[in-house]
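Quick one: the structure is below, and I'll ask about it shortly.
We just call them A, B, C and D in the order they show up, numbering each chain from 1.
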């Protein structure tokens, strides 16, 4: 097994960019219900900039992840820019100079990234944010890998968990982000950030799993 | 025949006020098409003030007509205020101190009033204004009286002519008032001021004719 | 209709009440619906009076104050005020040097101001002159109409003449200046949506989602023509071209460009429009030296804009820059 | 969607282009989308930086100038700007006395300003302090939410702190003052209609013709509750009561009352609302000594209004009255 190398990560980012482009209006519609109707535009602007930046060669996974984080922070704005940016920056920080990340290293890096998001945004599980998709995905990833499953299967499990976590945001009352201003009126709407986060995990399962390091 | 006395004139004004109240929204709708959607409100405000002023006793027709003109000028504003106001002021000016106006005096006074409107507003026949209802009404009135008809019949003829004049404004291109800004787009719409003017003549036919001096 | 009001019949009266309470530098005669600068009459100064229908705020009351108007008569929404108001205001702002009526060219306003001047002449010895503001090039063939409407030109006329009045200039001088500024100004407007007159309760005209009105007035009168909605770039062209075709604006002292919002147009869009308009002026060799961008002459809640261009001379530039302290325009004091 | 624009993706860039051309007293870095006062940095003066999503004009760029802000970072419509912008602006407005960030309390703005401060600390030796503006009482239980939103309080905070900065006061002094003004201010808003975000192209929320949103934000976020449309009188009560219940405003120096239009609300209606609000304050024994009525913190083309009340002390009154020269607020110069 080749591990997660720069090319695999690029496939991930391209895949995520493609789903965001496809789901742009749906993400914005979710944000219109509980926020300010820009999450699709924000993520699309960010991932378009990331796609552009893929032209610049990256020495190793850490360099690519760092560059991606910086590009997101520089191009998105809003809440999602610093949060997704931090995710990738912290992932970069959690890898050494390896040319390809072992599945465990990838999982550890992802956990570091999500912990970075929590440190910045102070959201807890159940606050109706992207954390509600990301945290269950991490747990499923670790459990699968711990049970000896290969990365592709583990990422599929993570994606399933992320989707379930995303769906679970619907009945929640938001306690972080713009949706929290609505109080109980936020219940009954799926969180836009959890939705884009589930796309991120799904893109990993596709890019690093099936046709990737499988 | 009693002539047109203060009481008959009051009946006329009350009748006109009632038709304006009833047709308020219709007048405003006509004004919305070619103007600024206020002719109904303007005339209604004015005639409500005139009704109020009828409580003040008037010595003779001239005093009542003058008071009515002043009230309209003071309460309406817009184009119709000074024009309708002038109509009544000039009618007043064309009568002496008679207690009741002979049909011919009433007709002469009305002509003086309309001439006053023309002097103020400079509209000619065919400009798509209240003049297009008023001028034919005057001519019909004079013709009927000249042919020896009694005032009620003459006013009915005048009212028919006013209605026809009002209808004739529809295809016209406006050359005066707010509708003139529309150029050829003003064609196809009935003029609001001609419509209220036809109501004024119809009210005269009812009040001074049938149950009045007939 | 969704509006912040109690009974629509009381809208103007209640709005004047709030205006009065909010702004001690203004004095309101609620009976007559006249807004005065608190220290009117100013001895020795020509009094400047304007007014018109309500619904154009900050015009007209927002331009009362040192360096601009002395009083304004407020009519019902989109309905000219009545002669009694104007006559009363004329009497109260005469500081001994006469009163100039600045009349926006609409049949109603002109007729009512005419009657007011007649009343004033009959009842007082105040000297009155009237200047009619008529800048709107959307009204073509103005010989066969009620003439061009008074729109954005009121702002440069009232500002420039207001500054000159503070210098103690004579009534006839000021009337000449007003005519000169008006004559040097042209405007053209467009609407994205109709306004809703409260007394009617629904939009004055129906404009489909993909059409706009070109050559609109400020009372919800429909425009000269309806065209498919298009880019800001094209819209700017449809406004600037008729303005430039009507008057030669190339000139030594440059022009004042006033991009006006009609009520519901975000400033974000108005500034974008300014950029488009400035490009077109560049191409025509017309040089903006003063600018004004914002909702100054509105049409209730109409979305859309108008462009006003004034050919400035040195004197006008100086008077434009002179101190002014009104709710709508304020600088230098 | 009917808007004056070319491609919606270029709206902010093209609007900044127009702003730059129209107003020589501002300088725009178009690459970074930063608006500066033309003479920044002012030596010896603390630099004041704010910013946020676009769509709130005249906020934020309309409050740049002597006596108020030194620079503003413009984000996309309703999207906070990014840390690079803020770090760059911070560097360029430091006149040697440090830079104060005035941050409207939204997750995005707070996170991006946080990162900018980290960047600035890492890359320059500019002293930076940040004060968060959070005045919106519509957000109840703010411990269990992102906290109260920053809305109308920005105007008194930026004006009063801006005047103090011109006096050469220190960074920590100004930060304290900003916190004090913010702490003395409460706001509450309502919407008659939704706004339309250009990137979405349709209204953010559907509001039936007979309903209004109470406790609205300035980004088209739905409010806390939806109620049947009612009179201005009742609406004023729904806004003023929660404001007065949240803070004791009875006080010796009186209050500043700021009635804000959200974009598409005629000034005629805002003044009517001021009258209603002033009545309620009267009844509560709260004395308005300064007022501001108009569209200062807008939400694109939303119809509706907000009320902001600041409890003033003598120092704040003096600083409010001090000269200011921005597009949005100008007096004394």
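We take it that contacts are C-beta pairs under 8 Å (C-beta built on N, C-alpha and C of every residue); 3 or more make two chains touch, one makes a residue touch a chain.
In this text, all values refer to a predicted model and were calculated from it rather than measured experimentally.
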Chains shared as neighbours by subunit B and subunit D? C
Determine, using the mean of C-alpha atoms as each chain's centre, which chain is farthest from subunit C. A
Distance between chain centroids, defined by C-alpha means - subunit C, subunit D (Å): 29
So, what's the distance in Å between the C-alpha centres of subunit D and subunit A? 32
Quick one: subunit A and subunit B, Cα centre-to-centre, how many Å? 76
Can you give the whole-Å distance between the Cα centres of subunit A and subunit C? 55
Where subunit B touches two or more other chains simultaneously, the residues are none
Expected list for subunit C, residues touching two or more other chains, is 77
Is the way these chains touch best called a line, a ring, a star, complete, or other? line
Between which chains is there touch? A-D, B-C, C-D
Interface residues, subunit A side, partner subunit D - complex: 28-29, 32-38, 40-42, 45, 73-83, 120-121, 174-178, 180-183, 185
Considering only the defined contacts, which subunit D positions touch subunit A in the complex? 53, 75-84, 106-108, 111-112, 114-115, 138-141, 144-146, 149, 197, 199-200, 204-205, 217, 219-222, 224-225
Contact residues on subunit D for subunit C in the complex? 2-6, 11-12, 14-19, 21-23, 54-55, 57-58, 62, 77, 192-193, 209, 212, 229, 231-233, 235, 257, 259, 263-276, 278, 291, 293, 295, 298, 300-301, 303, 305, 325, 330-333
